[in-house]
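The data blocks that follow each hold one structure.
Heads up, the next two complexes both have subunit A, just with different partners, subunit B and then subunit C.
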Partner chain A sequence: MRRSGSSPLINFKPFVESLIAILVGFIIGAIVLIAFGYNPLEAYYWLFIGALGSTRGIASTLKYATPIMLTALTFAIGTRTGIFNIGAEGSFYFGAIASVIFTNLWGNMWFGLLMGMLLGALWALPAAILKVYRGVHEVISTIMLNWIAWFFVLWLIVGPYANPNDPNKTIRIPEAARLPVIGYGLSIAIIIAVIAAILTYFLLWHTTMGFGMRASGINQKAARYGGMNPKMAIMWSFIIGGLLSGLGGAMKVMGEGPTYAISQGGANIYGFGFDGIGVSLVGRNHPLGIILSALFFGMMRAGTALMQVNAHVPLEIIKVIQGIIVITVAIPGLYDLLVRAFRGGVAQ
Partner chain B sequence: MRKWLSLFLIGLLAISVVASGCISSNGEKSKTKGAIAIVYDVGGRGDLSFNDMAYLGASKAAKDFNLELVEMQSNSEDDYVKNLETLASQKKYLVIIAVGFMMTDAVKQVAKEYPDQKFAIIDGYIPDMPNVMSILFKENEGSALAGALAGLIAANDGKDKVGIVLGMEIPVLYKFEAGYRFGVKWAEDYYKQKEGKDVNIDVLYQYTGTFNDAAKGKAAARAQLAQGAWVIYQVAGGTGLGVFDAVEEVLKSQGKKMGPPFAIGVDSAQDWIKPGVIIASMMKRVDVGVYTAVKDAVEGTFKGGIVELGLKEGGVGLSTVDDVMAMFDSLPEETQKQKLRDLGFNSKEELRQFLEQTRKQVPDWIWDAVKELEGKIKTGVIKVPAPMDKDGIEKVRKAKTWQEMMELAK
Partner chain C sequence: MMERVPIVEMKGIVKVYPDGTKALKGVDLVVYQGEILGLLGENGAGKTTLMKILFGMLQPTAGKIFVKGKEVRFKSPSDAIAHGIGMVHQHFTLVEVFDALHNIILGMEGHGLLSKIDVERARRKIERLMEELNFRVPLDVPVEELPVGVQQRVEILKMLYRDVEVLILDEPTAVLTPIEVRELFRVLRQLKARGKTIIFISHKLNEVMEITDRVTVIRKGKVVGTVRTSEATPQLLARMMVGRDVVLRIEKPPKEPGKPILRVEKLRVIGDRGEVAVKDLSFEVRAGEIFGIAGVEGNGQTELIEAISGLRKVEGGKVYLNEKDITGKGPKELYDMGMAHIPEDRTHMGLILDMTVTENSILGLHWRPKFQRFKGVINWARAREHAQHLIEQFDISAPGTEAPVKSLSGGNQQKLIVAREVSKEPVFIIAAQPTRGVDVASTEYIRNYLVKLRNEDKAVLLVSADLDEVVQLSDRMGVMYEGEFMGVVKPEEVTTEEIGMMMGGIRYEEIRK
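Moving on, here comes the complex of A and B:
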């Protein structure tokens, strides 16, 4: 069935479902485009050419896919362990600011990435502890922690880490600590993100620890009866999730020119955690599915430029179309999630 | 599986219907002599100030020189490089105009990659690239007039505070703040010499950190009004629309249709947005800047480097009723009608009369004083400071007199 799980690589049903959902989304989007007087074939043509028609386009697709791939993994690990972890946003902020702070202390790339992961994981810890030891529902705690993280990081951006010569940004990542660029503004962040996704897959499906996590995600009582420790499983799920989002935040700042800094108002680090939820749902909460779905989201972003210029569709309409497609595509994943919730799979 | 199959077939059917319906369209780009492109920053169109003014200039230039105009909005900061690159790689634009300081880094990078493509950036400081024209404005000069107006209104009504609500804390906005403070100090001095009374007017200021959040602008203005601000100058694009709301609320609660308290608009002649609430606007003629860039590109006089537009060049200034009506006339016909209906006017003439009446709430000698300051700045007798960094603005904030500030301008 849907949760057979043991050999998910061979299970193509979710993949086919998502493909059909994408198709349906595009059709509804086309109807909207016609309603507003635009030519959907032309619009979609330029969307795909913009995203995949040139090396530059492919590079920007990959660039846009990177941060949301990591935050989606956070959500996916949570869901697989039976928790609804929406704390990726907060960990992402902390990863981002950590990279700025620590690379400027010591201009080393690996140190920046490490501290980003560490702070991301640390920020996930309060929600984990509250959940495991006090039974506080993770939706409540992570939402509140996200806001605390947001305002704290905003303060760091305009306060101690503002760039005195360019006060609408933080100080920049020193050149020695920036991620190497492969070409066309694309850094090695995408490779690290894909490796992270593959590692997450191995963790969940090919280790004892991962088995315990998934087992307690399906049924906590049964897992405990089977000799596993659901509490530890949930703890690890939060920590690894925070780690991944922290990495995403750090790489967002360290791997993206031309500024290599966080903008005032956190404009270039905001929203990736929430987008990650959608990416994860479309990828059916499976790490390998998430690689594909993040690429899909990246394509949608990268294609907007040519869609605006050559098909003359204004950005607002493009956003509407993309919203429709994303919603349609997320429906099968959402359905899965709801079924799980109503069957009592989500831990209480 | 059969259910999905049927869905799939329905989908195919729908696509084919859609496809057959709309294969032909788009035949407008025929007789133009070339193209220009304009990229807006995240604030985007519809702010009734900065970005809309840029559009106004670009569309006028496109019409005058018979060019195709391609517009591009930016979804987030991450899109700046991507958008500029996409346009540059098409190699068909006479000039690509980047609207906004925030795009400085992106323009630098893309202009280096495409040395044959001409770029112009509004508000960005790129002095050393032959293919980039940086168009800067002396907002400090225009803001000094706004400050003088605000200061004199407050002094005349026996009040001791005026406010300024700003957007993001970027160097461009320091120039607005410094000019405003200069104007207020100048007003103190002027009032003292005229009436023989010492006045001390505080400037309340807040950087909201955003250009497109009217709710934040409203909250900031409310706080300043509660502290006794008598005139509030908004320098925050879309965020500033909330400042007008806040001032209007106060007027309504007192049953008044016209101020004081007043708001001062920015960038475009915004007075028509809320007549009675907005006493005048500090116009930053982004349209003139954009038009200049296109004109130079068309006529072959385009040069890289800095172009600065001040009071003398008509790049900034305080709005007159004529300016406001011209701005209003540039709106689409439908919008004009709708707006007049919302305001309860039957004709444009009524709007004009109402605007003139609003200005009569302020005595003539104040308007004359502002004119006097304008003349002195134009001839260079008075210089207004234009700080470009945090240290600079701190010095202006600490200065006690306008003469002290003028020292900083040297």
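Moving on, here comes the complex of A and C:
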């Protein structure tokens, strides 16, 4: 008998669709590379070697995959409940700064992670409440909250939590609270992220609460008729999303040496929330798909170093390819179109 | 009356929808210059479809349309308007934040991208129109701030501003208060006096009797007949509107009903537009009884069901289930107390189309211990067994338990809902439009099943716009009109004509006088 049919993983269509999108991204990327006078085969070779050709490369891939996996989960759980939650960025900042603040009060790793999650969730709450009780669109509220979070955290970085010996950075995470390192600078953060993804999958597809969340995400009227509470579903979607991104932010600081601090201008905590949207889309907003998708994005990022050095291709070209992949995934029905084209049928 | 000039003629109009539904089966209609023609019929009779064809919104499958003797072919409403035919829809098409003036001139403001709108000229023309017709609307207030009756007059003005001669009004009184109805009728008489022709779509007998010159009655896509209003009686019109042969026979053994299971006391419910949709309604449904509610749709049935089933706020009054006060309780509690609900909106409420048969089969009972591995975790294996069981028991044809429910046909979707609701093992079940859009075989199955539930001493509340269904299945029935029962009767004790009159808003006591 087939495994839980309610899991879209049974359905390989989304997986194949994403693979097609990735292929299209690389083909168009190759055209761009040729246009600028680079050799695409050489570039892609070094990209691949850089990402997977050595233990160091693989560690680097996993390291880059970690934060975007968690922010992607935030976006996915929102989409599954019918909201477009782009507040992962703000929760990520708060998770990061919370880890700095609280591990310096009590140098315990779990305490740091927990506080990061809590502050991340706390920061998601205003948008949730505004959405549920006042009908404020979440895109507007989360964008604004992201900016508030950004400047507030920037102030904390240069103000109260600046490192007296290096005023452009925050004080460091005490050694006792740092995430154990597996090797080559890779901490256990990746394991925690994968567990979080699996738990998120379990929540959405195997619990009563998740059933209510998914039902509300598709059809609120039917969910209400089915005895569910769409308002609470949305509320939880924001809160859990905040927990995940907060965790991402905390682990970014607690798990990455050698600094173990938020660096100048927040440079090492910026942009992961937004990258997570693309990761989630390519992972088809499915927690298990997101694990793969985040690993892929991690590869792309990790491979660029060697590509830059050996094929002399600028880093930005990878961003172009990523952008094309995300756009291609977003084209609805692309897969059907291609299947029909390959079978020689004509679209009616 | 200048009756002999047909301004509009429709000949042999046939309309088959892409899904195969035959909405119109060869309709002939003649409208004379300067008259008010009533177009009377039940829901789904084809009145609105016919008028949408005349207004160019739909293309007929076959048939011809003549305006002033010349054959025409309308590709869009603007074609129809160019030929002097305008329509006011039941649901208004106004830009709510614009004032009346801008709503009226919308689309007529000139076609150059940068051409200036001559508001003052438009205002003068509208003022002159209002002067002539002796009715006014405030032109500078956003229309959302105007009462519904006035918004309707803005819609009428919008058409008249385009110089239409034939004005189609689709159920114009449905949204109006009695005073507004009187005002509308005054306006219609003014228009008629100025030579305009009006087609008045309605199912309300009294209004048709009052305002029209002639009435054409449509039933199931065919014209039953046309009569002069002066020669018609409400009885005659009612018979024409609903009288028909019974299609299906249901075996229903006589049965003595038991104690009341559902008791509704002076229930008052507010509709979406803020109107009182259910007006202090009281009734009870007893064990082993099917209580039917007949009536033209939009007379408060939906609001009534939603209030009973916990989906809509109760404004006043009480609802009791097994003598326990359930007023204001949510669906979850109600299901746990023994209520089941086959909702009228299958695709938007009863099912989540993008989810699987399994997921849909436990919707609304998924929290029961049977489907929980341990508290809060769903046992999908059990759920699949449950879905499989429903499929077999109700002979639902589905590609499998894991197929999305949208891949099932309408009839099978409906059977799945019925199966699921019955599997809640209810004491009281609401069946709202249980066979709408369902194939004949499934219809018969579902109807027989409702009788079976009744025979098993369940209380069944049946709400349906299909009169045959209510008459055949019910042990007692209430006929609902504007949020009230015009009468509660045993179906075998009244004639279809009398039911038709109640549906048209005449009280049973008055009929029996």
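Just so we're on the same page, the second predicted complex is superposed on the first by the 310 of 348 C-alpha atoms of A that agree within 3 Å, B and C clash if a C-alpha of one lies under 4 Å from a C-alpha of the other, contacts with A are read in each partner's own complex, and residues count from 1 in each chain.
Keep this in mind: a contact is a pair of C-beta atoms (placed from the backbone, for glycine too) under 8 Å apart; a residue touches a chain by one contact, two chains touch by 3 or more.
Just so it is clear, the model here is predicted, and its values are computed rather than measured.
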Subunit B and subunit C placed together on subunit A: clash or fit? fit
- prompt: Is A:Asn219 touching the first partner subunit B, the second partner subunit C, both, or neither of them?
  reply: second
Inset, instruction - Answer with first, second, both or neither: which of subunit B and subunit C does A:Ala267 touch in the superposed model? - result: first
Between subunit B and subunit C, the one with more contact residues on subunit A is chain B
- Does subunit B (first) or subunit C (second) touch A:Asn104, or do both, or does neither? neither
Distance floor for C-alpha atoms, subunit B against subunit C, superposed on A, in Å, equals 19
Subunit A residues contacting subunit B in one complex and subunit C in the other none
Per the touch rule above, subunit A residues touching subunit B in the complex are 16-17, 20, 23-24, 27, 30-31, 34, 39-42, 50, 54, 56, 60, 64, 154, 158, 164-168, 185, 256-259, 263-265, 267-268, 301-302, 304-306, 308-309, 312, 314-316, 319
Note: in the complex, subunit A contacts subunit C through residues 2, 4-6, 10, 206-209, 211, 214-215, 218-219, 221-228
Touching subunit A in the complex, subunit C uses residues 309, 311, 330-332, 335, 341, 343, 345, 348-356, 358-359, 363-364, 366-367, 372, 376-378, 380, 384, 401-402
Note: in the complex, subunit B contacts subunit A through residues 4, 7-8, 11, 14-15, 18-19, 21-23, 25-26, 37, 42, 44, 70-79, 81-83, 85-87, 89-90, 101-102, 105-106, 108-109, 168-171, 209-210, 389-391
